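Next come two complexes, and both contain subunit A; in the first it sits with subunit B, in the second with subunit C.
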Partner chain A sequence: MGIFKLIIRRLLLGVATLFVVSIAVFLLTNVLGDPVKRMLGRGALPDVVTARRAELNLDEPIVNRYFTWLKGLLTGEPGVSYTNGTPVWELLSDRVKNSLFLMALSSAISIPLSLFIGGYTALRRDGWADRVMSNQLLVLAAMPEFVVGAFLTVIFATNIWHIVPAVSRIRPGESPWSDLDGMILPVATLVLAVTPHVGRTMRAAMIEVLESDYVEMARLKGLPERSVLWRHAFPNALGPTLQVIALNIAYLAGGVVIVESLFNFRGLGIALRDAIPEANAPVVQFIAMFIATIYVISNLMADLFTIIVTPRLRTRLQ
Partner chain B sequence: MTYPVTVPVDDTIDETLDSAVATSQPGLMRSAWGLWRTRIGVALVVLLVGIAIVGPWVAPYGASEFVGTANMRDVPGTWLGTDYFGQDVWSRFLHGGRSILFLATVSTLIGFLFGSAIGLIAAYNRGRIDDVLMRFMDVILAFPQLLLALVALTTVGPKPWLIISIVGFTTIPRIARITRGAAVPVVERDFVAAAEALGESRFRIITRELLPNVIGPLLVEANLRLTYAIGIIAGLGFLGFATERNAADWGLMVQENRVALSVQPWGTVLPAIAIALLTVGTGLISDGLSRTVAGIDRGRPDS
Partner chain C sequence: MTDQRKLWVPPTLGRRQLIVGAGAVGAAGLLAACGGDDDTASVNTTAPSGTTAATEPPGTTAPGAPATTAPGVTETTVPAGGIKSGGTLRVGVVGSTNDLMDAQYIVARADQARLITGWEPISNYDDNFNIAYNNSLAEEIEAVAPDQYVVRLKQGVEFHNGKTVGADDLIYSFNRLIDPELGIAPNLTQFIDANSFTKLDDRTVQIDLLKPSVAFLYGMADYGATIVPVDYARFAGDPATQIGTGAFKLKSFTPGSESVHTRFENYWGESYLDEVQIIDFADQSALVNALSSGDIDVAIDVPYAQAGSIESSGELTLLESQAGNWQTITMRVDMAPFDDVRVRQAMRLISNREEMVQRVLSGHGRVGNDMYGVLDGSYPKDFPQREQDIEAAKALLKDAGQENLEIELFAPDDTAGLPEYATAFAEQAKAAGINVTATVLDGGTYWGDQYTQRVFATSYWSTRPYLNQVGAGSLPTATYPETHWPPAGSNFVELYDQAIAEVDTDKRNELIREMQRQEYEEGGNIISYFQNLIDGHATYVKGAVARPNLINFDHFGRGWKNIWLDL
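Now for the complex of A and B:
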């Protein structure tokens, strides 16, 4: 059975990718510049720099440091913050939860929405609803997230209407449930950022299926349209559909950085933004690996779902 | 931002390419111009690029010139009032487009040059070189572009060369994949075999026979990448990592002035509109081109 081999190959490829990503993240945060010099400023005395380097174990050979770091990541001890010595996990565990909650809520809204929009516009292809929505999606898809978010803030929070809070106010240690109002705009922005891309993908997949020979065959057989759609078109659009869901999550993993920053949402994105000027490499490395892992897993899932669900691909790849 | 999908993409590319080779060649630009969306897109881009280039010369004040109390809407001698630091919003807006435009264009060009070269070489040589090149490209694709830029900036700080390198570098595999997908079926066509039989050099075959036949999809992709590059660089600016502190930059302006949104919206809204119109403009051009190349709008599974 070739499909298991294929799945295992994909899994190994995912692991290998993450391994390469970890090397890239580690090198980029260590080789391009010197975190200690950036932290202490240009006027720092050489003695102080040396002492600080020793304190942060930066004087060990880079290969050793890489493997220590990798081992720490895999065993759940991803180092300590350069600025205050707190373990990275302790510093970020709250934020991981908040960001995951933000992503989950945005997915829960944007997945059905984009599936509906994509499917509906494909069925009504070139009708007025399709044209209007496709153009809307095109315009939204081109704009960066923070621009969309800024417009939403102006319209709904600060200038035209004042119906939702402009910033999120989750206190340290509190769950995002404590400030659901403050999540409206961040979630809306992510939904608007993700839905156009995913909706367009869904529309394309659905059009492809609807144009296929087997759907035409089913129609020619005289099957009622509803049964053509649900029995023949939908199962074959399911592969791309699941793929759409995985893609969605990958999108969100990248989008949260900007959106959290725009709405002061207490998550990983803000932690990343704040860690960069401090050259706080362990924090940056952890967040980068976390987001990359979500990203790689979602893309992997997308591939796997597609292979498993699409009969055409399953047989061709054997 | 961009995300890789590995499995079904090649199918659609091959499919769209057949029609591209057949229909798009001589009048790609002309047929794309026939679509309204292309014209609107070009108009928007020309407008915004014009503002970005000419702006600094016609701005009434300097980019960081102090003109009055901070965050005021009615300040004598200014059009739109002052920003968070008492600088003229309108002047900063006029100054703030150049860096985004410059960084985005140069990094897209780098991605375009290297990406198309790698894609064409992989498609023409196939076999080992193809495998190695494309696997390497897949690895680069496994990371969101913005995130990679942020990681790279951590120990170096905001440096234009670094932003250009990272955004350019991460654009390469995205363009290479499209180019390769479009070039593979072309390699198998008779005129390539004819050129080989005539003893033409590899370089000549790749540049004279392959390149002209994939230019349609390549232009679509390059344009799309430009749209995303603008988004990423504006996003970096928004996070405060694209330019030096307090430099005039559309992305950074949104960040600086959003706290005072309710009393002085212009400082945020004006640059946000500029970025929106610019990206929508390039997005419309991409869509116009891709409709011309592919015949119909299939969306983009590889977005």
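Now for the complex of A and C:
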């Protein structure tokens, strides 16, 4: 089976996954609560409630509503926010951009950093560098993001120094890179949050690989150490680490509510948090599907990269 | 109905269409409660037989202000150089992607700030809570009879689109308030319907109420009783549709991010800023951080716990206004164990009010006396201050056979203060030998179907005159009958009906006094404190005055027209 065949098969599988997710998301958002009751309040007259339900197509059978919604989603018309009548895309397009940028920037820094730290500490296992770094990673991993973020804010933005902005200041309609200063603290917080997980996974994987028979074999063959590490050990350790990276990317795209709140970063996490208690189904559905898509894509990429970098799997394809 | 639940820092306002929808405009008793023995703080005792003359002609200065200043700007805020014009004011407020923009309806505080920026009410309160017209669109309101009012609008006031404000707009605005499709103020339908309005001339409208209400006059001074142009509709994506009369007109609005308002050159009054940005913050910590780091100029509604850090900064200052906002522990008077008046009285004796002010408000408030309407002239200041008396409480509980009472007290997690209030009360109750368990629910659940059904719960209100508050919360027909007051056999409702139709101030106050006495002795509210409003701002922001206020930041500088930057 060639690599392209594999990609196509995995893509189809991804689409199928998203289809199943869309059914689940739609059903679940329908049990969030009655948006009409929330919109009109307790004193609303029954015929007004009925009229509003009809206006929102809530009186139609659920299957029809599902397909109407799916069609809208695929054609770029994901509906209108129940709470303020703003089209969902208008409400969230900036946030999609912002979240993707935050994800990309945090990943671009944290992935190489964690791979380096993980690989380096594995090579110097039980040395002083390993002990110090491993302990630091453990401490960081144990600290909640808001503690890290609040510390950084106090030190660099509000109380001790005033060298970076305390909050993100991306204006509506502007691109997120227009406010790189404002990205510093959120990105730093997320890098500190993500790096320990990936770094520790990489360290464990690398240690396992370094103890494996084939690395020993390579060394016994008399290969230079550089070649042993880069050609044999590193690619094989990357496989399991990539899976953890994929999970972290999906998390960075929509799960960083606390960091978004702390730095007033206009991302999707806050929007999702705002929408759920209001039973604002169109917004919840859009964000849930967005995060699911990122999740599917990042996992797909991780699988492909794993195959490409792992000699064992790569050769099996041919 | 908002429910901006925060993961770890709850906001304070929100929920149940608080100020506009619930009570102030619409409530069964529009603002009412006139007069009182007290002279200075009393609401103007304008009986509907006379005319409420404008206490100040439009456009002139507030009493005591130098001739060069804007209304509401006091001498102390004006430096030798005088007021400076121009600049952009950046205002931070907790908001969310659920923010909406409507000229007559709000859910959360961010909505309130935007409403007051774009639109102006028919009349307004002055500093002593008398009816005035200096921050509003009427020239005069004549109370012909308790069921007939004549509103004459100021001449030549322009909407943002250049159209002149006229009688048709006023009629449209009233009809919009009672439009069942919008549900803005459903309770107002008791007093007016589509046939209540007669256009006398281009700027004069006669209003005939369906039933007499002396309170109606005061309802028109509510900030939500605004005048919108005919065919106005809620924001749905196009800023150009948001036409009002305020000093700043809408340029852009993205819910959850910001709104930008630019100076309206043809404003009927004076204003100084070029632009106002109202910037949404996801929580109060980020708001305070942004103020500290200079990313905003004004932070609306600062958490009590963080007020100190602002106060200690040389570049920032607090604006703290005594307000009549109150939080309450509600006991259902129709359900056991609180259907026994002795149990209610015992609970009220358990609360250590001084400690509540310190613990819940960090000292930023005043003790309460189980009575509401503190800014109203009729507030019974002479009722003895209720103090903690554990022995008396124990005796009452024993008499009632409830000395081993075990009960759950509910609080929502989305309203700062209420979980703390419930927890503190539960601790204080231990001294009386009863077991109160404070249970904090998520806001969505708390304000859902079971709200007003729970036997023992907590709630919060903004301030209203007494009769208005009765209409909103203390009648069988109330919008939110939290305590299910009055108890069976009481003549409270009759007293209310008499009071609201009584044109003679003295007679009305006698009726109010009796109602207050009943609530003071037997009511279901435990009102331990009134909260202050606290905002933070950079010291170069001028024009906001600390005074008794219903709304944050000196009523948002009455739509920012009073605010200027000393840069």
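The rule is simple: the second predicted complex is superposed on the first by the 271 of 318 C-alpha atoms of A that agree within 3 Å, B and C clash if a C-alpha of one lies under 4 Å from a C-alpha of the other, contacts with A are read in each partner's own complex, and residues count from 1 in each chain.
In this section, a residue touches a chain if its C-beta (ideal position, glycine included) is under 8 Å from a C-beta of that chain, and two chains touch if they have at least 3 such contacts.
Because the structure is predicted, anything quoted here is derived from the model rather than measured.
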item	value
Clash or fit (per the criteria above) of subunit B with subunit C on subunit A	clash
Which of subunit B and subunit C A:F146 touches, first, second, both or neither	both
Which of subunit B and subunit C A:R203 touches, first, second, both or neither	first
Which of subunit B and subunit C A:A275 touches, first, second, both or neither	both
Touching partner for A:T306 - first (subunit B), second (subunit C), both, neither	first
Comparing the two partners subunit B and subunit C, which touches a greater set of residues in subunit A	B
Which of subunit B and subunit C A:N30 touches, first, second, both or neither	first
Touching partner for A:S81 - first (subunit B), second (subunit C), both, neither	second
First, second, both or neither for A:L138, with subunit B first and subunit C second	first
Touched partner set for A:T158, first subunit B, second subunit C, both or neither	both
Partner chain(s) touched by A:S261 [first = subunit B, second = subunit C, both, neither]	both
Superposed model, subunit B segment overlapping subunit C, candidates 5-13, 95-103, 221-229 or 257-265	257-265
Interface residues of subunit A shared between complexes with subunit B and subunit C	33, 38, 146, 150, 153, 158-159, 166, 257-258, 261-262, 273, 275, 277, 280
Parts of subunit C lying in touch with subunit A, wherever the complex brings them together	1-9, 16-17, 21, 96-101, 107, 180-181, 183, 186-187, 234-237, 252, 254-258, 280-283, 285-287, 289-290, 292-295, 442-444, 448, 479
Residues on subunit A engaged by subunit C in the complex (per definition of touch)	33, 38-45, 48, 51-52, 81, 83-87, 90-92, 94, 146, 150, 153, 157-159, 162, 165-167, 169, 171-172, 257-258, 260-264, 266, 270-271, 273-275, 277-278, 280, 283
In the complex with subunit B, residue positions of subunit A that touch it	17-18, 20-21, 24-25, 28-30, 32-35, 38, 134, 138-139, 141-147, 150-151, 153-154, 158-159, 166, 197, 200-205, 207-208, 239-240, 243, 247, 250-251, 253-255, 257-258, 261-262, 272-273, 275-277, 279-281, 284-285, 288, 291-292, 295-296, 299, 302-303, 306-307, 310, 313
In the complex with subunit A, residue positions of subunit B that touch it	1, 3-8, 12, 37, 138-139, 142-148, 150-157, 162, 227, 230-232, 234-235, 238-241, 251, 254-255, 258, 261-262, 265, 268-269, 272, 275-276, 279-280, 282-284, 287, 297-301, 303
